[in-house]
């Protein structure tokens, strides 16, 4: 009798034991930090105050009043949406071409996808070299068509777009692959039926292929937007946020405040704002399309 | 048939130039790495170096201990993957096969991690690592990744697809969960496992920011951080010929592996939909 | 069985990666020294070589030299390491970081050590121009090591080409603008092939201009900086004119890229640190010279560079750190360092040492910075609390004003920057 009781209790606890290792790390390194960041955000903790001093919501007010903060938010949104839109659009277009079973398709796939296998840090260095005015490669190549002297990373008007370009170069292959997978899941009969009905290739694409891709596309889009909002590798190596904070992105801004100015209070405030924003995104995503993905899985 | 060839030509017209453009940076990388500094620092530009010299590579190895960085990176990547496989297999098994209260809610908790990578919570994680006195260790780099929501998600899917009958033989022999996982689930879920491994390895080999924050010295420095350090000088410009040579040293293994195992890599990412 | 082996392997990997601190063997004190120079350049090898020599010369102290990036990164790392409870025992850091380091209690004053060496007699051996920034509140907090002043590099070949005397470089603001106009070269379609002069957007170069215009940068205790002033406007109007009216320079010029710009002949003149001399020497094919910064209302220049700081650890380590500093700053060693780097020797005796004399005979450009130090007024580099934040903000201001073709934004930008600076330093005002 005692044996069965014990084993029944064990059966109840068993699943939690299996979850424990993963959950432990999840809690300590994802959830606990969020709580901690929120906690510290109410304190003044910097080189002026090496010992924490309670500060109420003053950190939040300071952040919201700071012009640079809003500039950073704007930069981050522009960077993230531009990179993702351009990469996805190009990726989709390229996927459609590759899907036509051209000869040498493998070579094209490799050429388009290999930037994903290079660390962001290395890509940043290569492009930093390319962007050097006058004796960098881009100026040489463009001199051929008479377009010399672009300021590239040295102008507030062009610097962020130069970084977007690197982001697109790096990710376009990835989206191409994802769309290839999506395209392959579309039953060929639908496309054939449309063709039989006399629809041209462009119409077929927009009326048949694209709608079937759309929920898949949307999900990928959202996940990657959120991921891209947190970019920092390129900025850290290529521009450090310059010139005039035009390439300062939110994670770099957090790095600046926390690890350069040792303003841990403000750093935590920014972190808690960022994570709360991300959590809201999660809720929104999962209450709309996430459920479908979850149950499909 | 006619429209087929026409479409193929359009495809070539698009794909060929785009592919060439995509490869230009790589060509530049290789070209610069074999030149001398004065050659590189000149207003004229030639693709081919005057002579192919390995000096830059020799100097790169002398100036920074890339061998050490290689070892560090390999250890970190292997460590992360090993622990991840353990944690995600156990968790996936629980989600896929066991019934318990709060199963769905806890699963959602895991999925949240997909959107909150260590990057955004560097500040508090740094403090945690520092309180544990683990700064500057390879372990610190890996700790934040030991729970992989993506891995749990992927393996749960894979485990669910395995028919229940497969477990029967183990159960009859009296084996419990562990045995089942090791002898039934993992072998049968091998494709997903490999896909996960490839994504995890690429992601962590290429990682930069978190290792940068949490390590300081050669003991725990990774390849990407070592590479970035080469460009941080106080009073001069980066030595581009040297930097490009060092870049090749850092990216060569993963890039070459990719070219050799391209199908497998591409397939792994294809079904990921998500990274890391 | 396989399971067990895998677990064992995993355990081994985990334990190895934990990595304990290097154990101190026997009586040798083990020190970690953070330092900032160009890692790929000869400077890092030079530093490592010197440290190795020190280690070989005696048994009581062993120093591990750790390259920590540029000045910015080195300070970030040292600061963060200290606040995490794991500071390096000794570090070469940009000298103005003194106040920040003091605020967090990271460093110790060196007066006791100096007294043991003979007090004022000992300190008197260091060039006084470099000691100003080491003194605060009646104590001495750092020892000069890699010190410099901004100088002007100029391309003698281009001077000849433009009909200018290569031995008479521009010596006033007016001459600078005038010569730059002659030296700027554009091609047929109007693209600039060569700039007359480049002045990077770094406050360390703006500050001498400000002082030359008769302005003041900060106050002695480092609690206030002057931004919204007439002299600052004077400086920016001049720079703006050169960039947008005369078109002889760029609006935005990155600090590190400008050095290779000069080496490749992209610019005829360059304002930069004497510490860039070695890189330029090794990578340019042009005949070049160095000169004092062109003067304006005053002939004045500022000092800059890195000093040794001893971090607060324990007596044993602190004493060992002092031992190392003493050795490194011996005249022969500072001479060796200067010869390899282009930095100014910090010890007065070093100038007269044969190896330094031989070097300056071959490369007279190296002496210019030293002469400028002796012959001009030398002001202390700017130093305030929360130095990193103030410095970044001043650079952003610089990029903002000089990056815009429209000068009318200057007034607003200066006002805002002043308000920002006051806010940052609010606690100390």
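By letter and in written order, the chains are A, B and C; residue numbering begins at 1 in each of them.
Operating definition for what follows: a residue touches a chain if its C-beta (ideal position, glycine included) is under 8 Å from a C-beta of that chain, and two chains touch if they have at least 3 such contacts.
Owing to the predicted nature of the structure, the values given are computational and were not obtained by experimental measurement.
More C-beta pairs in contact connect the chains of A-B than those of the other pair, out of A-B and B-C. Seen from the C-alpha centroid of subunit B, the farthest chain centroid is that of C. Spacing of subunit B relative to subunit C, judged by their CA centroids, is 37 angstrom.
In terms of their C-alpha centroids, the spacing between subunit A and subunit B amounts to 15 Å.
Listed for subunit B are residues 41-43, 86, 238, 243, each touching two or more other chains. Along subunit C, residues 257, 260, 264, 266 each make contact with two or more other chains.
Contact with two or more other chains is made by residues 134-135, 259 of subunit A.
Interface residues of subunit B, counted against subunit C in their complex, comprise 37-38, 41-43, 59, 63-64, 75-76, 78-79, 82-83, 86, 130, 133-139, 142, 182, 216-220, 229-230, 232-239, 242-243.
The part of subunit C that touches subunit B in the complex is made up of residues 3, 6, 9-10, 13-14, 16-19, 32, 36-41, 43-45, 66-71, 73, 77, 81, 84-86, 148, 256-260, 263-266, 272-273, 275-276, 278-279, 282-285, 306, 342.
Those residues of subunit B whose C-beta lies close enough to touch subunit A in the complex are 3, 7-8, 10-12, 14-15, 18-20, 22-26, 28-29, 32, 41-43, 45, 86-88, 90-91, 93-94, 98-100, 103, 106, 108-128, 143-144, 146-149, 152-153, 156-157, 160, 177, 202, 205-209, 212-213, 223-225, 227-228, 231, 238, 240, 243-244, 247, 250-251, 254-255, 258-259, 262, 265-266, 269-271, 273-275. The touching residues of subunit C, when paired with subunit A in their complex, are 72, 76, 79-80, 83, 100, 103-105, 189, 191-192, 201, 250-254, 257, 260-261, 264, 266, 385-386, 388-389, 392, 395-396, 399-400, 403, 416, 427-428.
Within the complex, the subunit A residues that touch subunit B are 12, 14-16, 18-19, 21-26, 28-34, 36-37, 40, 93-94, 97-98, 100, 102, 106-123, 125-130, 134-135, 137, 140-141, 169, 172-174, 177-178, 180-181, 201, 219-220, 223, 226-227, 230, 232-233, 236-237, 251, 254-255, 258-259, 264, 267-268, 271, 274-275, 278-279, 281-282, 285-286, 290, 294, 297.
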